[in-house]
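Each of the next two complexes has subunit A plus one other chain: subunit B in the first, subunit C in the second.
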Partner chain A sequence: MIAQLRKNILDLIIITAGFFAVLPIFGINRATDFIIFCIFVLGFNLLYGYMGRLSFGHMLYLGIGAYTITLFAEHVSKNPFLALIASILAGALIGVIIGPIVVRTTGACFALINLAFNQVGYFLALVALSRWTGGEDGMSAYFNKIALFDFGKKPVIFGFCLFSLLFTFFILKRLLSSPYGILIKSIKENEIRVKFLGYNTFKYKWIAFIISTTISSFAGALSILNYGYVTPSFIDPTRAVEVIFATLIGGAGSLYGALIGGVLYMAISNYLASYLSRWEMFLGFALLIIVFRFRKGVWGYVKDKFAIKAHGMVR
Partner chain B sequence: MHIQVKTIYHHCLHLGINKIRCIAMKENHILETKGVTINFNGLVAVDNVDFKLLEGESVGIIGPNGAGKTTFFNLITGFFPPTKGKIFFYGKDITNNPPHKRARMGIIRTFQLVSVFDSLSVLDNLLLSIINSSNIPPSKDNFYFAEAHKEDLKNLCLSSLSTLGLEQKAYLMTSELSYGDKRKLEIAVALSMNPKMLLLDEPFAGLSDQEIIEVSKIIKEFKKGFSMVIIEHKISRIVELVERLCVMHEGRLIAEGIPNQVLCDPLVREVYWGKEDGLVCSV
Partner chain C sequence: MINTIAYGLTIGGILYIISIGLSLTFGTMRIVNFAHGLIYTIGAYLLITTLPIFKNNFIIGALFTVLAVIPISYVIERFIIRKLYGVSIDYAIIATYAVVLIGIDLIKWIWGASPIPLSDPIGIDITLFSVTIPLYRLMIIVLSLIIFVTLTIFFKKTMIGKIVIAALEDKDAVRSLGINVDKYFSYVFIIGSCLAALGGVLYAPITSVHPYMGMMVLLISFAVVLVGGLGNIKGTFVSAFILGLVMAITGRFWGPAAETMVFIVMGIVLIFKPIEV
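Coming up: the complex of A and B.
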């Protein structure tokens, strides 16, 4: 118990210190972006890294969070916390609704069905529901100040997002070290065998999908708290590659891998973009290097190199 | 079925079980398949098989490669639904039950190629099966948020592993185990699920002579608690373990009865060893 507490405190210090270290290099705006993106990568990584289901349509779930919080603020209440809760519930709801369709599939089929749903969502936001979503122009979101939480102030939103990231991290850490965590890892390796152990894998895959869409939606909602406006780029399926890149760079199937991948991807894209017009090409080279040199991602390489055990200091 | 070498009644008599108890046993079928058939686009892999298994009985299934033995296991465990026929477990029709429901009912199997989770530790492999069948399962909330390696569960896993001599390897990754140890782990997983009927698909395949002796000893030790069906090509080993032997050929059950008598059946000898096997058979 005490050993576990020590590990958690160490995780807390490492993550907090890591993001404070990014602050002077990229500024508070970018650092907040990094944190939000890391939350998105954590949600995606649960599905891809731990359960072995690659989704090409995860921008849909991010976009649902972003549009829900904006529409909630516009039409229901400008209380940011109520709007956040509405976004989280919307993310869970979309997982509940489309989960039974997508989790029956695997491999390319899983990836493409997610993409198909994302395309539908993108079209709805851009054209069919443009009267409410603002179409291509998007729309702004304004939130009231609640007690000390004035999300218009950058240090407040930075602190709140960092707290949200830590909360997501520890929830996932707990989940993944439970019997359920072991179960979803075993589904990744051999789902048929899991069925013969007496588990209804459909149910457990569906739950993982719902958790993943909920976290992604939460990240989308936090983005709106940070930016204050939503555009169709939040739901654009072509941007799904960003979260896939980040997961692969950091190392799929690891919480620290997701954080490292999220920060590295954002750092590369922000840094290179200010110097090169076609910076995406260098990301392609980076991916090639990772595929051939660091198959388990940066964190996987570090773990192997320094023999950090999965049950040891950190995951 | 072409030849019924010995009926179950003869088998009872042979084992010294009196007729009254034998008739009582007849009613106590744990598993019954009636006309089970599976047709893969014209290829009939299992053809109209009627099979019964008594409570506590051990049965072996032999037959040449491609005879349909593993497919028959797949039908019993729900891997495929049969094209025709019914499967009953304790008299209940389970023909359309999915594999996980059958496993929860106590129909447990192992696989021809060892099937354990290489990416998990030995302990975690066992934990997954024990959680589903032990008397101390985590509650619904705990399944999602409790620490998997709680003391009581861990001790249960370690004691299961110790019966198969694997407790020293509990914290190793399963990928680091030898093939023989993986086979033992697979059997430990199966035994930890409190089987009512255990289906072992070629448990000696790929094992060294020493490992075969060890695994055979484990099976002998534990088989008293449940019914068991074994598919195996090593005939000298299977006859030591089972009370009844069935022979499959081209999807059909062509003979069944007491092992030594089945092995002397001319049709069995023909399909297994060819017409001119030249071996002397004594019952």
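Coming up: the complex of A and C.
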């Protein structure tokens, strides 16, 4: 583990430096937001970019984390770390429960079943369980101060989120360079051949799904630590397009692409939306351009440019 | 209870009209067309705009709307969908979703975001088996039956229909006979879009018209398509009415749960009958 950490230390330094570099531009509040969103994009990217399964209902898993941490703080304990662990477990649990149904499908069915589950979750949070979740108004969450970790203070939450992002990045990097990661990528390329090689692809897809829901749920819980307030917008299925857009713009199937996409999306949506009143239309045209002209995203583009320069050849 | 069943059949009829186009595009082109829901919304809005022009004549307004959608759906087919044949299905989902985003924003720009109510165009109630039902709803059920019969004949008897049915089975075999399959797919796409607009027109007087009305209906139509089987014309018909009844009966006991129940039924069906796309 430590030897591996030393190998990846460069990545971790680059990411940390990157976020500290954008810190003065965006301010600490927004930078924290960006980091949390990046964690969410990393979780989504594992499914879409690496395993080739487009989920159109990933907000459900974010929302599960957000609601679990709030309800845990409300009813069980105000210890933020216990609440975080609870929401991570909840994210894993939802992956375990609905994974067997979801991962058997591919392509459009995968996207739509996720969307359907998300719709059910949204309904539960908004209407059916509104007595506990606060319905449309949402509810606030309060956390106790544990030793140095006072999550009411912005630098503390920024540091903690950055640490969480580095941790997630490291785990994913390790995972994806392991034989298991190679297996996931091969499932994207050709699942039938992987089956021919004697692997039980169902099991591996299920595990990847659980990891993805867990990371997403973790991101949801972190954003509640940051905002201190949960609303149904955390589980709203129409917002699923945000994370898809972020993944595509950065470049699906690469960890740096996910980070770049997360930061770019948040920057665009934070600043452009205040200047541009027709923000949804811009998003639509941008998505069309990406799909038709710019499939590799920013990171893929940069990588291609760099590769051409390094080998001194033009393709 | 009879009233609930009649309501369920009405919803089922509208769902059938909307989802048949989705089922055909899904079955033939393997493209998940989110823009279908947009066409549905546009249909409802066009009806509202044109009704005063046609002196509130609902039938002419509906006909005009269905015809007016043809150029819109042609543009979407020609410039978006046709470029996505054979490309990864994820890009098709994202691109058509992008079209929906643009379209919804345009609708908000033109008509505003607030819901617009529309009154029952017939306004006569009839009494059947000691239950009073608006005549309009009965007309919808009859209309959906007519459309079902017409489409069945269309796919059994006409050349276009036969080619499409054959392409549903084996696209490459049809293509190897020297038939330009894509041309027929665009016919299917436009017919499906017209039916979606008709669905919007028919549903507008039952609920209110707002920019996001298409999304929920689209999701339910996808449930209809998945339960009925991709590109299965009869299956879509049966599943539309079953899910319509599910919605109406659930809604009778607990209003907000009506739509969610559809997805639960869909989930159960998919557990026992997973679909490979």
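Here is the rule we use: the second predicted complex is superposed on the first by the 298 of 315 C-alpha atoms of A that agree within 3 Å, B and C clash if a C-alpha of one lies under 4 Å from a C-alpha of the other, contacts with A are read in each partner's own complex, and residues count from 1 in each chain.
Note that a contact is a pair of C-beta atoms (placed from the backbone, for glycine too) under 8 Å apart; a residue touches a chain by one contact, two chains touch by 3 or more.
Source: prediction; values computed, not measured.
Enquirer: On the A-aligned overlay, A:190 touches which partner chain: subunit B = first, subunit C = second, or both, or neither?
Expert: First partner only.
Enquirer: Which partner does A:267 contact after superposing on A: first (subunit B), second (subunit C), both, neither?
Expert: Neither partner.
Enquirer: Tell me the contact category for A:119 with respect to subunit B and subunit C: first, second, both or neither.
Expert: The second partner, subunit C, only.
Enquirer: Which chain, subunit B or subunit C, ends up touching more residues of subunit A in the combined arrangement?
Expert: Subunit A has more residues touched by C than by the other partner.
Enquirer: State whether A:166 touches subunit B only (first), subunit C only (second), both chains, or neither.
Expert: neither
Enquirer: A:28 contacts which: subunit B (first), subunit C (second), both, neither?
Expert: neither
Enquirer: Mind working out whether A:96 is in touch with subunit B, subunit C, both or neither, as first, second, both or neither?
Expert: So A:96 meets neither subunit B nor subunit C here.
Enquirer: Which holds for A:244: it touches subunit B only (first), subunit C only (second), both, or neither?
Expert: Only subunit C; A:244 stays clear of subunit B.
Enquirer: Which positions of subunit A touch subunit C when the two form their complex?
Expert: 48, 52, 54, 56, 101, 104-109, 111-113, 115-117, 119-120, 123, 127-128, 238, 241, 244, 248, 278-281, 283-288, 290-292, 295
Enquirer: Would you pull the subunit C residues touching subunit A in the complex into a rising list?
Expert: It comes out as residues 26, 30, 32, 80, 83, 89-91, 93-95, 97-106, 109, 212, 215, 219, 222-223, 226, 256-257, 259-260, 263-264, 266-267, 270-271, 274-277.
Enquirer: Which residues, counting only subunit A, touch subunit B once they are in their complex?
Expert: 4, 174-175, 177-183, 185-186, 188-190, 192-201
Enquirer: State the interface residues of subunit B toward subunit A in the complex, per the touch definition above.
Expert: Per the touch definition, subunit B meets subunit A at residues 77, 79, 98-100, 103-104, 108-109, 111, 115-120, 124, 127-129, 131-133, 138, 142-148, 189, 193.
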